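Chain nomenclature is as follows: A, B, C, D, E, F, G and H, assigned in order of appearance, with residue numbering initiated at 1 for each chain independently.
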Amino acid sequence: MTPQQILDLLQAVASGAVTPERALSDLAELPYADLGFAKLDLHRELRNGHPEAVYGEGKTIADLEAIVERMMKAHGRALVTRVRPEAAERLRERWPESTWHERARIIAFGEAPQSLAGSIAILAAGTSDLPVAEEAAVCAEWFGHQVQRCYDVGIAGLHRLLGNLPAIRQADVVVAVAGMDGALPTVVASLVPSPVVAVPTSVGYGASFGGIAPLLTMLNGCAPGIGVVNIDNGYGAAVLASRIARRSTSIASP
Amino acid sequence: MTPQQILDLLQAVASGAVTPERALSDLAELPYADLGFAKLDLHRELRNGHPEAVYGEGKTIADLEAIVERMMKAHGRALVTRVRPEAAERLRERWPESTWHERARIIAFGEAPQSLAGSIAILAAGTSDLPVAEEAAVCAEWFGHQVQRCYDVGIAGLHRLLGNLPAIRQADVVVAVAGMDGALPTVVASLVPSPVVAVPTSVGYGASFGGIAPLLTMLNGCAPGIGVVNIDNGYGAAVLASRIARRSTSIASP
Amino acid sequence: MTPQQILDLLQAVASGAVTPERALSDLAELPYADLGFAKLDLHRELRNGHPEAVYGEGKTIADLEAIVERMMKAHGRALVTRVRPEAAERLRERWPESTWHERARIIAFGEAPQSLAGSIAILAAGTSDLPVAEEAAVCAEWFGHQVQRCYDVGIAGLHRLLGNLPAIRQADVVVAVAGMDGALPTVVASLVPSPVVAVPTSVGYGASFGGIAPLLTMLNGCAPGIGVVNIDNGYGAAVLASRIARRSTSIASP
Amino acid sequence: MTPQQILDLLQAVASGAVTPERALSDLAELPYADLGFAKLDLHRELRNGHPEAVYGEGKTIADLEAIVERMMKAHGRALVTRVRPEAAERLRERWPESTWHERARIIAFGEAPQSLAGSIAILAAGTSDLPVAEEAAVCAEWFGHQVQRCYDVGIAGLHRLLGNLPAIRQADVVVAVAGMDGALPTVVASLVPSPVVAVPTSVGYGASFGGIAPLLTMLNGCAPGIGVVNIDNGYGAAVLASRIARRSTSIASP
Amino acid sequence: MTPQQILDLLQAVASGAVTPERALSDLAELPYADLGFAKLDLHRELRNGHPEAVYGEGKTIADLEAIVERMMKAHGRALVTRVRPEAAERLRERWPESTWHERARIIAFGEAPQSLAGSIAILAAGTSDLPVAEEAAVCAEWFGHQVQRCYDVGIAGLHRLLGNLPAIRQADVVVAVAGMDGALPTVVASLVPSPVVAVPTSVGYGASFGGIAPLLTMLNGCAPGIGVVNIDNGYGAAVLASRIARRSTSIASP
Amino acid sequence: MTPQQILDLLQAVASGAVTPERALSDLAELPYADLGFAKLDLHRELRNGHPEAVYGEGKTIADLEAIVERMMKAHGRALVTRVRPEAAERLRERWPESTWHERARIIAFGEAPQSLAGSIAILAAGTSDLPVAEEAAVCAEWFGHQVQRCYDVGIAGLHRLLGNLPAIRQADVVVAVAGMDGALPTVVASLVPSPVVAVPTSVGYGASFGGIAPLLTMLNGCAPGIGVVNIDNGYGAAVLASRIARRSTSIASP
Amino acid sequence: MTPQQILDLLQAVASGAVTPERALSDLAELPYADLGFAKLDLHRELRNGHPEAVYGEGKTIADLEAIVERMMKAHGRALVTRVRPEAAERLRERWPESTWHERARIIAFGEAPQSLAGSIAILAAGTSDLPVAEEAAVCAEWFGHQVQRCYDVGIAGLHRLLGNLPAIRQADVVVAVAGMDGALPTVVASLVPSPVVAVPTSVGYGASFGGIAPLLTMLNGCAPGIGVVNIDNGYGAAVLASRIARRSTSIASP
Amino acid sequence: MTPQQILDLLQAVASGAVTPERALSDLAELPYADLGFAKLDLHRELRNGHPEAVYGEGKTIADLEAIVERMMKAHGRALVTRVRPEAAERLRERWPESTWHERARIIAFGEAPQSLAGSIAILAAGTSDLPVAEEAAVCAEWFGHQVQRCYDVGIAGLHRLLGNLPAIRQADVVVAVAGMDGALPTVVASLVPSPVVAVPTSVGYGASFGGIAPLLTMLNGCAPGIGVVNIDNGYGAAVLASRIARRSTSIASP
């Protein structure tokens, strides 16, 4: 609830249009929809710029249907991540116009209401990192950003990265996804001036420890300019990248 | 070394102004100054937007003097972080015009060549987090940004944070510094639309484990839009925040 | 064995009603039922206020039947937690009057012998935390307490929590269940005067590390007044909450 | 800020006594005292029942003096924990009526405004656990509770614990402090019906890992009814115990 | 290879009965049977008192058959631990006189050649610890020891343990198996004078971390006299207990 | 890209045979084949002596077919590690002349173009370590080395190792594979003068923690001369051993 | 309190010599001496065979003096471990007949009342492990055992161990102390038939992690027959070894 | 003891020159010098190619003097690592011809008996890694190798590394020392064909965790051909590099 909204309410009280008791109730009746098992945050977009995405893991299909239905009614669009294939199938049957991104495990309902101009480059160190990279890419596109994918550019074949550097340098923000040694974001951050969002993945085995190794590498990167998100958190990387990218474009776009 | 620089060199070869052998040598003679024990990266600012800062920990005073001298000659300014008080004293004797920020443990030589318009809000959860928060603040100011400090606003006293929210919302990027439970960045990210740089600190005891607890909290934050840097890494937070803030202002400033 | 029981025994010895050898044997014959593979603690309720609950995980259906049968004979009621669906089905066939709480994975036999007046509020941060929250809620109700559920009130949508605060403040004790960042108990404890029982859950992925992240957050919570139980331990939270709540009500109820 | 306070403010707006703009400002001007480097939470006692204690570690003597001065002005009393001896000396010079608890590392200013009837038993497993146990005991007494100390009753000498059991059973809440194997709270919780607050300590060496071993033991305790606080967190244990104890006495005391 | 065996060989060389080259070859031809994929240590019993047991996990049924066959030929008996049910079935078809211990997951071929007099008490804290306790018990019996089982005597019901203490005190060595809080061995070691072999189990959930919690508890036990073996290592506990028990009996038995 | 290649390109520019723009493009068009989802590093063999092997885990069969096809076209041979049986079956149907190494989970296409003279001894501590040891052995043979296998020589039966020592000492490099206590490489390194490549395996249970225990043992080995690779990383051990072995043979072979 | 003692008491009640109330009081008045800050367990020797040793770390000199005085009065001897040099000096001034073992950091008061015949071999892998090995050796000698020291026999120089093997094989129990790779106990246990008490030490650096590496090695040792005690716990090793050794000798000695 | 030595001894027995009893004694009297507190391994050089170096940490000056004296007598040279400055001073007073390498914390006695032709390149990522890199370099030179130092070439300034690549490629083996992100060895291994010895350092702070972060990065490096040694283990890296380098040169040098 923004200060402006509070001010409006207070002015309505002052003018007698709203009683104090009602105002108190309004302050408590905050804008969420209570489904019993979940409380949807319908005004999140107003408050912090992104609609609430639905995390599909561990939710029953019936729960997902109820949530999507409510969100479609409120916003006309919705995004569900980490969807199991069988859940995706059921949701697509009911909303045939939705889009299923298999590698990214995302089902998208509706489209970005407007194109956002800030561009985002998404890098993946290896082919095994693609599901996470695609989760980030699909989300960012659904938010309205232009996304440039650049995959399999890990530091074990440094020339693959260097060959793509000119294109990467043009992005407003770079998302670098890597498992195992996790060194890609550090190398990228030392070569480009834009902020780098680093995403460790649980790809690997042995001393990778489910992503701890690349996570620590990214946190200890000698080249500053890197912000790390959770292991495998492609969605979180997309939101952070979008918040950064929109900065430049909310001003730049005519 | 940018593609443009390579192209220039190649054109000089094509025109006969430079022999192939000399060009090969030039490609090897990259722009760093070799002090024997260290190789200063003098073109880092051109390449990724920030001059190389000097990490003072573990360096002898003689080493620091040699490095600062070489950097002052190249750039006219320098920044040394994690400086021991006795090293600070010696450096200030030699460069009396330098500035010693005691709480931040930083000694700054010269000033920002230009004011950068992107504003940065720096939040600290508790008073024990101040050294790290100040490291971030001093660095960001030295880069040329306007910094708004907002300290002691941890979630155990939620109203202190909420009371400062309007001011925080005006920043282009928020740096949130917290130890112990580390929940401040999540709460902030859920209330503002700008990107949040989260800095865990090693403040605390017991199950804080030297900063692991807030680090994990920040990585697991339910509210997306957060990029985490290393424990106690105020400098890294400032560089990341600056990269983000400059995006908006490289376009916005007249 | 209470001092009173020992005193009674000693007096019987003094009066000659019991021989010393028999008394020694009585002291050894403590009140448990030996099923061979298990020793049921039949007097636990007398000793510390709760009958022994049966932890269903890893027990064969035959074992569970034998244990439930013996407990029903001794107490007329029983509670089995972490029940696999196929075990639940078999137990319900045999005891049709039992109740199966699917989300909580609990099967309950019999009811609370009396209503206990101390009220317990059970909060869950996200919908994925519901199984653990329900385990706590069902147990507490079976003990005889009045339970108020308040789900999906994580700190990423702070207004959802604040909107429910007046109701939460009326409880004698608050159980706060949360995974991922685990910050809910800290925020609650800073806003209410009652004790808070914090339950980390293994919900989440990546750097959540099976619940370590919220566990550490809860232990490091800046707001005091929180007692933490094991990850996913809804039953343990209910017992602790019940011990607290009964304090106030063992006096208050007429 | 309680709903009642908001209601009062809204009614003043409705009556014209307060303008909407001023009300908005009031909502922002929440009750804390800003010392620049710290924001004291002056209404914490109203909100959650305990005045804010000052954590002395890492604070300069000047900071501590400023904070204590402000708290004495607001409340007439203050409590500083984890005080270094040299800081204690300076504070006692200035406030000669304060009390220095050396083993507990606490300096107390003023006394409990009223005696609280709920009694707290504080157990320590070994003599090395005394500093933490005393921190809990001194805090609880300063809050106004009656405290019963029972030290050196670890499970390696079970008869020492059993011999003190009758006294322990009379407390409304038991605080059990233990390092190394950390088994004391489990044994106690299986023998008494009252809630047990478990405090792991960093006492020990080798595989104790600074308190991780007893922390895990306490979280895994087979006997339910235990709430765990952070390693060495005597103060936190006292606050939790006080919240529990006051429940029973707010009703019981005439 | 014992010094005596080397001496015999050298004397044969000195007497001309063996050539130096042949003696060197003999020294290399050490007493193991090479199956290609495994080298069976046939003289282990001579060297350290126990025949080599076969660890069944991860071995194909064909491998197990080949190993058992070779061991039966050499020793007339064999012991295979951690056997999958389907492997057990096949081995029993071929060796119908073998014995399958389902709970212990052991298949035994042949019997102890002689009864060993040292007695071993095996305690389990909970019913979930039985598979590990039974692994220890079956192995110890197969070695030739008398075993006294005492199950479900965890410290959450202390009277169950105390009631069985007289019997436990008569054993030459006590094996204490426990998961979760793992406090059983410490309590036992404080009450009996015999050595205690502690076995942590992976039973439990949450902060048990697959047995780390009880492992640490046992290593940190305040009562000395405890030797810890690996998590779930019932076989290792049996061997250690047997080595201890035989000490007393190798002298005592007529 | 080697300095010589750059020099050639520059000379072509100098001679006018190549335009500067084209040279820049050539520098960017580095030698990899872009399959869309992967960028094959076709010149890796030139650059660091080994062709790029394909890590089969997590790749679809279609991906594997596309990669193998492209590699066969470029090099006439390929090596895929960590192949699932069903993927192996499909690949062998299409390339019947390929070889499937079941225990090593490797499918090999083509043979070593030449025999390399440096010999490699591969030791495994137990039979459960064979899959990793075989991965190393098959890779090293495919590279062209002579491999001597020596399995089941763990330190629990020291004479098995000592009996094979003469043969082990003749190898140019020793690969020692071990799980559980992981002590084999240390013992070997103290007995032979050649470098030892240590491979921890995830074999074991309990406090082995998926290979952490042997990994730490190997890193802490008192006998120097050991280089450790990742847990279960037989392929990496083979590459390192090959790099070492080829040193001696690139000179020695006529 | 033994069953015999309870029986005696009960018989006194039956005969009227003791009132029931007094008997109850006697059952509570267990045999410890309460010093206020510590409760000395004076009957531990009767109960489990060793007098209580005093752990010197973290105790004030005054505390140590009070404890030693009380123990000397009760038993005529005492043992204090982990003594700081300045505390040792003070204690020796007061009890000039005490013995200070500098390397072992032990001060011993009085001597073993009788020679115990079971022999103990104490092995140390490196010279840095001597303080821990000496702690074990001095304690075992003070208990009354014959101790054979065998130091610097780590597996990096296997012949040093093998050369001492005949002597080691004659001991009733072997204590093996090792840091870094911690492989000594496994090798010893595979070569001797007696039980092996393994003591990891915090000696080492890097990936030794304060003794975790050797601790894990010992827990994972492939050769069974090993019981592990806490890191650096020489005293605990001595108690366990003594409990084992006394088994054999309580029968064997004439 | 080599097979040849055993054969010689056996032949002496066969010829009557040595009695069997004496031969047995000789087999036991293995080639080490027993100083009481240490057993020097005087034949280590014969067995595995390097004389035993002395680890100075934790040894008294008197111990070091005794060890050095004995080694000088046996070999005419010695190497002590991790020497404290005050110990170095005393040793240099007694052996004025020794050399003190301050940065490497090494004191060297005597020189390499012969120059070894295999060359070693030693890389350090940052200036803080120099002590470890110098430890490796000084050791390798003392062994007799030619060493090429290349410092401050971390991946945050990739051009510094690339500029030195031609020289690095000429070494027979590369030692890469790095803290923090630890990515240097992976990048190097992808660019050169020689084996890479990776040394993590404890340089860094926060999530570096004393060197765990770079250790994990190196173990997970995507480019194969890397062998990792313990954190800060410059000496171990030198021994491994020497074992590798000598391979090539034992053949190559005329």
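Operating definition for what follows: a residue touches a chain if its C-beta (ideal position, glycine included) is under 8 Å from a C-beta of that chain, and two chains touch if they have at least 3 such contacts.
Because the structure is a prediction, the values reported are computed rather than measured.
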item	value
Chain G reached from chain B - shortest hop count over touching chains	2
Where chain D and chain E overlap in contact partners, by chain label	C, G
Interface numbering overlap (same over half, different under half) for chain B and chain H	different
Over-half contact-pair match to D-E, picked out of the listed pairs B-C, C-G or B-H	B-C
Greatest separation from chain B - chain, by CA centre	E
Cα-centroid distance, chain D relative to chain H, in whole angstrom	54
Cα-centroid distance, chain E relative to chain H, in whole angstrom	41
Distance from chain H to chain C - Cα centre to Cα centre, in angstrom	59
Sequence positions of chain G contacting 2 or more other chains	3, 28, 156-157, 166, 189-191, 206-208, 212, 215, 219-220, 223, 230-231
Interchain pairs in contact, sorted by label	A-B, A-C, A-D, A-F, A-H, B-C, B-D, B-F, B-H, C-D, C-E, C-G, D-E, D-G, E-F, E-G, E-H, F-G, F-H, G-H
Chain F to chain H touching residues, read off their complex	3, 47-50, 165-166, 172-173, 189-195, 197-198, 215, 219-220, 223-231, 235-236, 239-240, 243-245, 247-248, 250-252
Touch list for chain G against partner chain H, complex	127-128, 130, 151-153, 156-157, 159-160, 162-163, 166, 203, 205-208
Residue ranges of chain E in contact with chain F within the complex	1, 28-32, 37-39, 41, 44, 52, 55, 57-59, 63, 200, 202, 210-212, 215, 230-233
In the complex, chain H residues that touch chain A	125-126, 154-158, 180-183, 186-187, 189-191, 204, 206-209, 212-214, 216-223
Residues on chain F engaged by chain B in the complex (per definition of touch)	3, 6-7, 10-11, 13-14, 16, 19-21, 23-24, 27
